[in-house]
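Quick heads-up: structures coming right below.
Two complexes, one shared chain (subunit A), two partners (subunit B, subunit C).
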Partner chain A sequence: MSVSSFAGPFVPELVLLAGTLLIFLLDVLKVRRIELTGGIAVAATLAALGVVVADLGFAPLAFLATVPASQIDVAPAAGAAPLFAFTSFGLVFQAIFLLATFFVALASVSRPSDERGAPIFYGLLLLATIGMLLVAIASDLIFLLLAIEVVSIASYLLVAYTRKDVRGLEAAMKFFVIGALSTVLSFFGASLLFGAYGTTNLYLIRAAGTAVGYPVLVLLGYGFLIAGLAFKVTLVPFHAWAVDVYDGAPDDVSAFLAGGTKKIGVFAFFLVFLGPVLAVGAVGSSGYGLFGGSVALGASFQITLGALAVVTMTVGNVLALLQKEMKRMLAYSSISQAGYMLIGIAIGTAPALGGATLQVFAHVLMKTGAFLVVGAAAAIGVGPLIDDWRGLGLKRPLLGVSFALMLLSLAGVPLTIGFVSKFVLFSAAVDAQGWFIWLAVAGLLNSALSVFYYARVLKVMFFDAAPAPAGAPAGSVVGGAGPPALPLGGIGYGRAASLAIIAALIVAFGIYPQAVLGAIQSAAYHFVTVGA
Partner chain B sequence: MIVGFAGTRLGRLEWGGWVAVAFSAAAMVLGVLIAVGEAMSPGTYTNVQFTWLHLAPAPGAFPNGFSLVMGTLVDPLSSLMLVVVTVVGFLVMLYSIGYMHHDHGLPRYYAELSLFLASMTGLVLANNLLEFFLFWELVGVCSYFLIGFYYEKPSAASAAKEAFLVTRVGDVLFLLGIFLYFSVYATAGPNGGWAANGFVFVHGASPFLPLPGANTPTLTIAGLLILGGAAGKSAQFPLHVWLPDAMEGPTTVSALIHAATMVAAGVYLLAVASVFLGFTPTDQLAIVAVGGFTAFFAATMAVVHPDIKRVIAYSTISQLGYMVLAIGAGFAMVGLYHLFTHAFFKALLFLAAGSVIHAVGTQDLFKMGGLKKHMRLTAAAFAIGGLALAGIPPFAGFWSKDDILGSVYSVLGTHPDYWPFFLLAFAAVFLTAYYIFRAWFLAFSGDGPRDPSLPTPHEGPWVMQVPLVVLSAMAVVAGLFVFFPGFQNLLLGGAGLPGIPPTFTTTDLALSAVSVGLGAGGIGLAWSLWGNGRVFVLSETSAIQPVRRLLLNRYYFKVGYDWIGLRAVYTISRAADFFDRFVIDGAVRGLERIFAAGSNRLRSIQTGLVSDYAAYVVGGLLALFVMLLIVGPYLLARLGGS
Partner chain C sequence: MTDLSLPGFLALSAALFGIGVFGILTRRNFILLLISIEIAMNAVILNFVYFAAFPAGTSGLSGQSIAVVLVGFAATEVAVGLAIVLALNRLKGTINVARATELKE
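Moving on, here comes the complex of A and B:
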């Protein structure tokens, strides 16, 4: 009897939900040890990850599979309006989301935090992850936006969960206000589309395709949707909240926001603009078939997204250049990375989709890892400024080496996953020809630009003399009372393991990218062709 | 094979010469085993590769997909080279223990030498041009480090720089050649073209399936660019200037890199290209011309030079010219055969010279003399190397050099325009014999050193003697290998490859007789002028004095190069540098500067006020619609749509 016969295809979500409920239950029973709640979260995430990977066709875990292969990448019957659909592309994203949650959950086990916060943190983390998984299977606009809302509400609370930290509270407030505004924009866009198509189901919208009664509504609807989703993906000029929030939120929450939740926006873009629901036309060609009746309109969306991509990566990079604080620098770098991902969306071919997905995957490793390192550094008393990191690379080899790998990967140095993802993405842009080549040029120039600020951090970490020890280590900013020191010189086993895994994956996939590239490319290929 | 590869890799991490020696010994054993295996099974090859990166097929520039591949290819061609690289590499490594024992910076030396050997092995085994180029560059970088090993000596540092710059010119040409070939073969050719197969030059069942070559201008230019790359690495005219100056490095380095293996990379590239890519007739003539001319040209300069190492260096250039000549004429395997024998006797000559330098502490031939009394082994070794170089039977050089002359002679009927270069190469035989024995007589014969301040010479320790003995033996017998069927398998390769003529025809015999006669005459002349400690002084009023001066000044090439060649080289590299620094870097830096200025201003946008952020969102939304409705269509019209 397979698991699916009694749990249906929602096993990953249910596992996470069970974990959440267990954590909250234990909280009520006043069992709040972080090792326990964290352990539950890590276990639940790993279990869900195993199921998703099994669904993707990973043979050794086949016994865990809950979605029959025959139900993946299948277009619904004509006229059917399913709320959700399983695509291999969506499953890839589920795996990526779960990976991000796993890294954060594992690292946070060793966090010198007050015990009271642990259940809240882990409960919300799992709840947000459930929303993320739902986003990846959505096939209806309302379902999609509600799933995004689940993630959003959980993440507003995550930013503020420590409650005593004024900066976190302020960040949460900003996050919430701008987030609410974006939600309004998204739903307004969806309602306009409903006005145009008479449905919010993406398959039916796709079927309506060229026969649109009110093109103006389509234009306005998608425009508002872009604005709403751009908030999630932190596209310029919808990015302003991100820096303050990443900066103000607890480090591990920043890791989750930048590495995890942000990616649901990217997936939503894929889904809305070129998913199976909208793809029309020849294999591998651009998926902007929705506007088949009006090619200029479709192309206009493409170039608008392309322009957004260029503006986003440029502004993100430029602002990252002069940042003096490590977290703000990483926040801006995260914004610019979103620009790279958007390149893939603007191009809309299967290879570009694959490249963008690989970039998402790489970014999960790099940015989650980077914020986790920042968390570790804060835990051992390193200040927030980049200059405070002087000599840290040699003093703390684990932090130094893993952070160096993450930065090199962000800069796109060969033999790291970051190089591979950029290579695939940019070559897809070149391959698509036309004005898309300029996207590759812009991307390359931006990569070169970004090397400056990544290299600066490396220089500070490895070549500058360490500052003289200034009194006792700050310990914890939050706790105040000075919690007991963690093993491994304050880093803790969980975080060390998380960082080591991330660093190993960055290099492993950099050396042998084919391990993930093949699966991602085939998923992307199905994504733009199925149902066409 | 992969272990040998990894072994040499590991070697560079280890400290201490013996570890490096052990690893290179392991690599040698593996290399020889591979070659023997290859010799035992004629015509087979092994190709192991993994796709490093694969992009799925998509309509566009690469309809069949795009791959980058790392692989190793063991075929007759590469296994022959493998033997040369690993055996000579090991012997030099062993010799280094003795030769370098009083130098400092030894870990650096062994690390660089091991890295060099590893990259050379990688180059030989590469199964695609991009990988080939990668290792090619690594080899270049290593040689830069090793030539400049005595970096505190300004001449060594500048020689290293010169070698790097000049070979760099070749590298750029090579890379352009790859691109040009790629533009032709990206989607054409077996298995969907190079793009889909990662530039791999092996196809299907047979490694020797030539690409559908045609005599088009593009392919001709591509071939010439490859020749340029090879000429840079193999020090062929007019990019030969760096090699003699590269003798500033330790003698072991000269033996390894600048005689036996690295310069062979260029020849190997030509051989690979001629087998797998095919050259057009124009290319062939150009290659023959460069090879034949260089063979003679370099020999003339060796005739007068007083520095023992530089004489050998010029002879290297000259011998490489022979190989290039053979490859150009369509006899790639003959060229590689000469490369094989040459590697042994040239390494022998260099190590013997190193032994001399080690003993007397000078490189000036005119200060030496009478060394054979104290250094019998070295004298004998140098003599054997000299005889092999001069092409006296039965020493190694005779067989291979004669094969080159014989094969080229055999195609003269169909290619009359090869005649002048054949004659130049033929004449160089005489010069070769003369200059190498001039060096021998100057150094070893006579009663004693001409400069009495020299220390009493002595033989080196056993680690230096063993390689001399082994190499001497090889210099005697390496040429005879050609009579073994197994070795012939290596040379004959497989289908479609012009192999080596296994027997000697009557014309060849006559030709051999003439060339041996020339060689003997050269030795005789050297004896009559320099033998028994004689020093032949050309009178200042002699009619050929200007010629001597011309040769001594290397045809004023060095001076001339400052004006023409190096100027051009510098200009090119400056231009490239300029491009790099000002156009690419400039764009980047300029952007950075502009942005740095703008950054502060932009930063002020980040007010931290929520109402401002909300205003950005609304503003962004408006901008979005402007973009969608007005700017987007306008841009599309300008950029030409997708």
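Moving on, here comes the complex of A and C:
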């Protein structure tokens, strides 16, 4: 195998790695202009995105394709145990991840804080993105968990990258402790599955299904994996860290965490639990017999994941209703959105997984955008409380209109991508029949509930009088006001461009969802049939 | 190689893992917390080595190789944790997790 044929499929990762190394090299050479490092990061992300989209079969970019179409969505030879595999489902997720990184990288070019941190921020951002791309091609449990750790370790450091901000450092410490706990839980689960199946390859595990000698190891292993991965996706019993971390992290990093890195957990859930959810039959007590009896694998996982989904969306929404601070409200709303995504894997049919993937895509646009708006508002001196945003919508039309679109989309109002994704997801739940209909009902009730707190923000922004300018803004900005005022009234070109693109995409895909829906649905279909 | 039976081994590994997780949840001193993480990680590594030999799967050497990779990974994680707590110690002069109170509960 020549070097080029081995490296070929990894072009997106290699482009990002080259960007990372270039940024760190320039840092050593003391070239730290944020426009330059940011430009490298944006360019590398766009190039990688182009390659991934070309691999997905987007004809106008076909000249960029690096993975031969004959290698995508192919089941491995019987007994083979590949570490990674290229599936169109994974490529869709790669594109989604790269989109999140692109928005954050573009917006951060006009970040008001000091330039010294720029190379660290962008280098770590690209490193985390490499890990995310690796997650999306994993077909082995250990490969998957190690790729998740690449992302986690980079994001602990991202939260703390300013090094001067006590809130950021404390958030990083909490993030690290919870992350380490989640890591040992997932790896312990993986080790038990290794004991049960004699392999960590997801294809082989799925093929073995219920035919195992040690059913108790299977159940314990998946149990620990649910707990470990649930921390990453912020499912409800494991969600408490997320609000503090999103609140304490620098705004652009919160956008990346909520919009980007959280989605690797969602993908990991899809990848790991598709096998057990679709397993027909029961794991019996044939083996060592530590526990008697037998458990129907598929049904019990569907009920567990479905219950987690409903609890997560309800608790997240109720707590979001009670928040007074913008960032904390968005963090809780992000938790509740994770519940909607989990519906997809609880049902496990191709339309449901497609709907959940569309929800992930919509969430990247909405939540990354919302946190970026919060960052922009902080940069122009708006305080952290929702009440501090009075009248902002009329005073700052760009922020107001784009934020309004994101909130309407989060609430699921028609003509936005958020409506389409919820519609596809909930109708898949109804089509699946049985008790899955109740998942759709729970989702719809929660969407109605969430309208309250989104509408409250809209009312404050557009219909309340602006506060008197005399009061000094209670800014939570890192580093305070930067010396040179940024263009566009303190928002900056990069952030304005990022927000404008997000707002345009939310509406464009809301009106014409077919542009992505077909690709996502066919990817989900291949994912369910070929697997892993 | 089967001197240690499966229930006996599971008890050992569960005990190690339990001690580690209990430590992560209760320790307030960051250094002890890192040690607890290591203990729990060692339970995982032990599992891989044991299961590579015991249930006679098709694994070959994969259990042992995973163990080696995980040793390296655990070291990376601790290094990052120490870097964060060092920066915090410079600002606040404490490595006590419970004193990190700038963020509301």
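Please note the rule applied: the second predicted complex is superposed on the first by the 493 of 532 C-alpha atoms of A that agree within 3 Å, B and C clash if a C-alpha of one lies under 4 Å from a C-alpha of the other, contacts with A are read in each partner's own complex, and residues count from 1 in each chain.
Throughout what follows, contacts are C-beta pairs under 8 Å (C-beta built on N, C-alpha and C of every residue); 3 or more make two chains touch, one makes a residue touch a chain.
These numbers come from a predicted model, not from an experiment.
A.B. asks: Go through the superposed model and pick first if A:L181 touches only subunit B, second if only subunit C, both, or neither.
C.D. replies: A:L181: touches subunit B and subunit C.
A.B. asks: With both structures placed on chain A, which of the two partners, subunit B or subunit C, ends up touching more residues of subunit A?
C.D. replies: So, of the two partners, B touches more residues of subunit A.
A.B. asks: Should A:R167 be classified as contacting the first partner (subunit B), the second (subunit C), both, or neither?
C.D. replies: It touches subunit C, and subunit B stays clear.
A.B. asks: Examine A:F194 and indicate which partner it touches, taking first as subunit B and second as subunit C; both and neither are also allowed.
C.D. replies: Second partner only, subunit C.
A.B. asks: Between subunit B and subunit C, whom does A:L157 touch in the aligned arrangement: first, second, both, or neither?
C.D. replies: A:L157 contacts subunit C only, not subunit B.
A.B. asks: In the overlaid three-chain picture, which partner chain does A:S427 touch, first (subunit B) or second (subunit C), both, or neither?
C.D. replies: In the superposition, A:S427 touches subunit B alone.
A.B. asks: Looking at A:W435 after the superposition, I want to know if it touches subunit B, subunit C, both of them or none. Which is it: first, second, both, neither?
C.D. replies: Only subunit B is touched by A:W435; subunit C is not.
A.B. asks: Where does A:D244 make contact in the superposed view: on subunit B (first), on subunit C (second), on both, or on neither?
C.D. replies: Both partners.
A.B. asks: So which bits of subunit A does subunit B touch that subunit C touches too?
C.D. replies: Common interface on subunit A, subunit B vs subunit C: 173-174, 177, 181, 185, 244.
A.B. asks: Which of the residues in subunit A end up touching subunit B in this complex?
C.D. replies: Going through subunit A, the ones touching subunit B are 173-174, 177-178, 181-182, 185, 219-220, 223-224, 226-227, 230-231, 236-238, 240-241, 243-244, 282, 284-286, 296, 299-304, 307-308, 314-315, 317-319, 321-322, 349-351, 354, 420, 423-424, 427-428, 430-436, 438, 445, 448-449, 452, 512-514, 517-518, 521-522, 525.
A.B. asks: Spell out the residues on subunit B that touch subunit A in their complex, using ranges where they run on.
C.D. replies: By the definition above, subunit B touches subunit A via 50-62, 66, 584, 587-588, 591-592, 595-596, 598-600, 602-603, 605-606, 608, 610, 612-614, 616-617, 619-621, 623-625, 627-629, 631-633, 635-636, 639-642.
A.B. asks: Quick one: which bits of subunit C touch subunit A in the complex? Just the residue numbers, please.
C.D. replies: Touch list, subunit C to subunit A: 6-7, 10, 17, 20-21, 24-25, 30, 33, 37, 40-41, 43-44, 47-48, 50-52, 54-59, 62-63, 66, 69-70, 73, 76-77, 80-81, 83-85, 87-88, 91-92, 97, 100-105.
A.B. asks: Can you check the complex and tell me which residues of subunit A touch subunit C?
C.D. replies: Its residues touching subunit C are 142, 146, 149, 153, 156-157, 160, 163-164, 166-167, 169-174, 176-177, 180-181, 183-185, 187-188, 190-192, 194-200, 213-214, 244, 247-248, 288, 290.
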